[in-house]
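In order of appearance the chains are A, B, C and D, and numbering begins at 1 in each one.
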Amino acid sequence: MQHTPIRGIIAYPVTPFLADDAGIDEAAFRRVLDALLATDPAAIAILGSAGESAYLREAEWQRGVELGVEAVGGKVPLIVGIGELTTAAAVAKARFAERAGADRLMVIPVSYWKLDETEIFAHFEAVAAATDLPIMVYNNPATSGVDMPPALLVRMVREIPGIDLIKESSGDIHRMHAIHELSDGTIPFYNGANHLALEALAAGAQGWCTAAPNLLGSQPARLVAHIDAGEMEQARALFYTLLPVLRFIVQGGLPTTVKAGLRLQGLEAGDPRRPLRPLAGERLETLRHLLATQ
Amino acid sequence: MQHTPIRGIIAYPVTPFLADDAGIDEAAFRRVLDALLATDPAAIAILGSAGESAYLREAEWQRGVELGVEAVGGKVPLIVGIGELTTAAAVAKARFAERAGADRLMVIPVSYWKLDETEIFAHFEAVAAATDLPIMVYNNPATSGVDMPPALLVRMVREIPGIDLIKESSGDIHRMHAIHELSDGTIPFYNGANHLALEALAAGAQGWCTAAPNLLGSQPARLVAHIDAGEMEQARALFYTLLPVLRFIVQGGLPTTVKAGLRLQGLEAGDPRRPLRPLAGERLETLRHLLATQ
Amino acid sequence: MQHTPIRGIIAYPVTPFLADDAGIDEAAFRRVLDALLATDPAAIAILGSAGESAYLREAEWQRGVELGVEAVGGKVPLIVGIGELTTAAAVAKARFAERAGADRLMVIPVSYWKLDETEIFAHFEAVAAATDLPIMVYNNPATSGVDMPPALLVRMVREIPGIDLIKESSGDIHRMHAIHELSDGTIPFYNGANHLALEALAAGAQGWCTAAPNLLGSQPARLVAHIDAGEMEQARALFYTLLPVLRFIVQGGLPTTVKAGLRLQGLEAGDPRRPLRPLAGERLETLRHLLATQ
Amino acid sequence: MQHTPIRGIIAYPVTPFLADDAGIDEAAFRRVLDALLATDPAAIAILGSAGESAYLREAEWQRGVELGVEAVGGKVPLIVGIGELTTAAAVAKARFAERAGADRLMVIPVSYWKLDETEIFAHFEAVAAATDLPIMVYNNPATSGVDMPPALLVRMVREIPGIDLIKESSGDIHRMHAIHELSDGTIPFYNGANHLALEALAAGAQGWCTAAPNLLGSQPARLVAHIDAGEMEQARALFYTLLPVLRFIVQGGLPTTVKAGLRLQGLEAGDPRRPLRPLAGERLETLRHLLATQ
């Protein structure tokens, strides 16, 4: 299945929480989404890794989907992230997101026990069979514990109706080469490793999945525009300007660092959920300095 | 805090499920626990990694605790495993297990976003503060995504009241050396890496946390007895006899392989939960052969 | 020290040997060098990794230097590779190369026992003090066993007179980012990882150190030209055309695969030195096919 | 081929050098060997990794063999280490050692370019064909860059006449398990990873190849004796006493740390060869303290 591919930035909001474990802070979530919509994204993807999806209770997650659909309001495609340990839970979430009005799903398998390729394939097959929404398959071994090699990713796009895009967040540029080669350049892939943004676009990535616009505004979109215009030097100069922030948010964990950065910029989005702790001390000062010199 | 340490085998049951995602198969769970009690364990630990705790719904997990308490019935200490992404969920489970009559907790932090040592420490502190049960801190980076080095493990035992034992499943013998040295041999540690059982005992492990007795009966307990008797050659001979099965269940994933083995041995404990798939084909034949030649 | 940096391709010849361990095949070496000179290189670097420098006796190495100086004849800068286990041997080679008329040295430390940064620094200091030739510091942990992080590389360029360029062959693009950042873009760095050629140039590499022109002619030089002209799409298309060959020669070892490829293309350059064995069987057929479809 | 296996400690001397790169310090080498002979070794192995074989010129190496044969004088078997990049050089050294009166060779392949199994096998075949001395195949990927898996090691012992023992220094206990299993316990293997000494003996290692007796006297031999006597607790207690020194010399590099330790103990054996630097500063003080508390 081939939809018109999304070209450019797929932006990821954090999910703000109320104090005392009292659920999503709905007003703050809307503010975060409104701010993201102003950064020139090609799409918005809620409840992904940056959105602390893994730490949400089921009802919270469902409310998050509804809020996202409402706030994005069709201005750009709205993608919903699904990362579940069991196939049954992933299927249930896919159905909910479709009913709630999402435009697309991004699905990542999560492991406790290692999964073999047959198990991963069957997981995606079950989710895809449960929904009419197109699906982006998402590889992020560092967070999910599941590592899907390029050949498996390409095979799933080819063989499972409904899966049409690939998000690669392993940070290994050679995997992007392999996806390009194995699909003869026909399957759009997106880079999810922030500190590899320049090279992934050089290698032919269709876009960049990133929470960076929360803190860097439309500069990520501008990087893509420079590449599209063949302005390699400007692209490189911009990339090296952004890189300290990109590296910092990758190394410090996206929810922790992006929420801290939003607070520094005056958009209160609360703290990450425990055991994650708010950024503090020297690292907070580093981020303050990095953002001030952007 | 120091309790009388458990010497020998801490045995881990699988958790049998009913078909069609219909919850725990209670009768089968009791059969599994009864069979384990006959393998000469020093303790039984339910709802651990082998028990597919990660794949259980909250109500299923609670029912599992009640069933375990009832079936073990005080014959040996009953340990309950807690592996949660959020601190709030871990605390809630600790409280439930204490009310339900567990003797001890085994707690493993699970990550989506990487945790730093402050976050891990605070997670354990919160769980320990919520219960009077003694706690075994459990390190298993391959399944949980969190890697706690020896210095952190030892520090938590020393500084957090209620944490008194260490289970090390990284499979790195040097970490056991470090725990021994950092604690001057005073903190009992247990080996959770099956294929390292002989060497861990040689290095001074207080016991072996293992699902192997499900398939190998009292032979693991016998290995410990040989070591205790200074019968190094017999210990070694027995270990090499058991090793093919130990290696197979480690490499194939405990729920998948142990459930398949129980079925081969006539104790029906169902299939693992999806996306895990039942052992089949050539690998099933390998296990059949391995068990037949024990 | 800053020389006019070399922009583009630094080409690496193989070193042909006579049969029966009878030394360098001088006529063949000249043919290899003449062919390389026709591929539009910015410089030629003899006796590097691809040149089997590690397997040469001292007298063979010296003869190789003389042959290289003579054959290149000032048409482009002539760089001589030095990779030695002891500092004394590296110093002796540096002096020889200077006397023989080389234009520049490329120096890689080789380890049996791991070296700390003080030892590496002192090694380079001793070599640089022994010669007036400018030195490119070369990092290639996979072959040499020594891994020099960006901060050390940059520090050596800054603090050791005579060291002015960096060749990075770890294949880690983030190290190129770090070199750029740590030196504010002022230290020219070259990429030595063939399958990373496109992205390294995107990231700002001054050139590409490669044995690929032996088999691919002036196509590597053309890739650099496309980048320089802002022709990103053409650069990408060319890179993906070259990539199967680049990957093959990296994975199969440069001396083995390049010598086999030269033979397939009619330029007999002999076999690699034992224990390396000539490419044969299915892998040779793969290379034949890859070269035929270039 | 099966010789009576050597049971216990195979002791490795360092190679003392004269100042100003002036060759082996012969008197000091004799003192080192005499001291080693007093530590109850089952054999002595000269010119191994600890003996800085990799840094010796050819004539120095030859002189080292002669000195070793003379000093050991048949009191225990004398093993000569051969680690060469080219097959031709390894063959030449094997012939020399045999003529000089060595009892056995220990052969490690060294890589610049990665070797495949066919290349490694042919390298050993060529060396074995060149000598009547029995050969111990030596695996030490961290220093040599060549990693030989258990199946290859066992196959070479089985298929190449003259190769009869295995030294495993990867530090991976599972490889010792595999050697035991693949050979049905019939091929004697030796542990070369000092900080794994206790567990390797537990797993059935025939002995321990170590430079530790240079600093720890007959205590390593006593560890083996405890194991042989089934005195597991005493073995463990002794091991943990030795472990800080064992770990220190492994992490700091054997030539560097053992030569420093010998000097601290009053046996002057000079400095390691450059680029290796003598132990100094805080690390030297650490070693002084460790040796003082043995």
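Criterion: contacts are C-beta pairs under 8 Å (C-beta built on N, C-alpha and C of every residue); 3 or more make two chains touch, one makes a residue touch a chain.
Please read these numbers as outputs of a predicted model, since none were measured by experiment.
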{"item": "Fewest hops from subunit A to subunit D - one hop per pair of touching chains", "value": "2"}
{"item": "Chain separated most widely from subunit C, comparing mean CA positions", "value": "B"}
{"item": "Shared interface numbering between subunit D and subunit C [over half = same, under half = different]", "value": "same"}
{"item": "Length of the line joining the C-alpha centres of subunit B and subunit D, rounded to whole Å", "value": "39"}
{"item": "For subunit A paired with subunit B, centre-to-centre distance based on mean C-alpha positions, whole Å", "value": "34"}
{"item": "For subunit D, residues that touch 2 or more chains besides their own", "value": "none"}
{"item": "Chains touching one another, given as label pairs in label order", "value": "A-B, A-C, B-D, C-D"}
{"item": "Residue numbers on subunit B that touch subunit D, as the complex places them", "value": "173-174, 177, 180-181, 185, 195-196, 198-199, 202-204, 227, 230-233, 235-236, 240, 243-244"}
{"item": "Residue numbers on subunit C that touch subunit D, as the complex places them", "value": "21, 49, 52, 54-55, 83, 85-88, 109-116, 118-120, 122-123, 126, 142-145, 253-256, 272-277"}
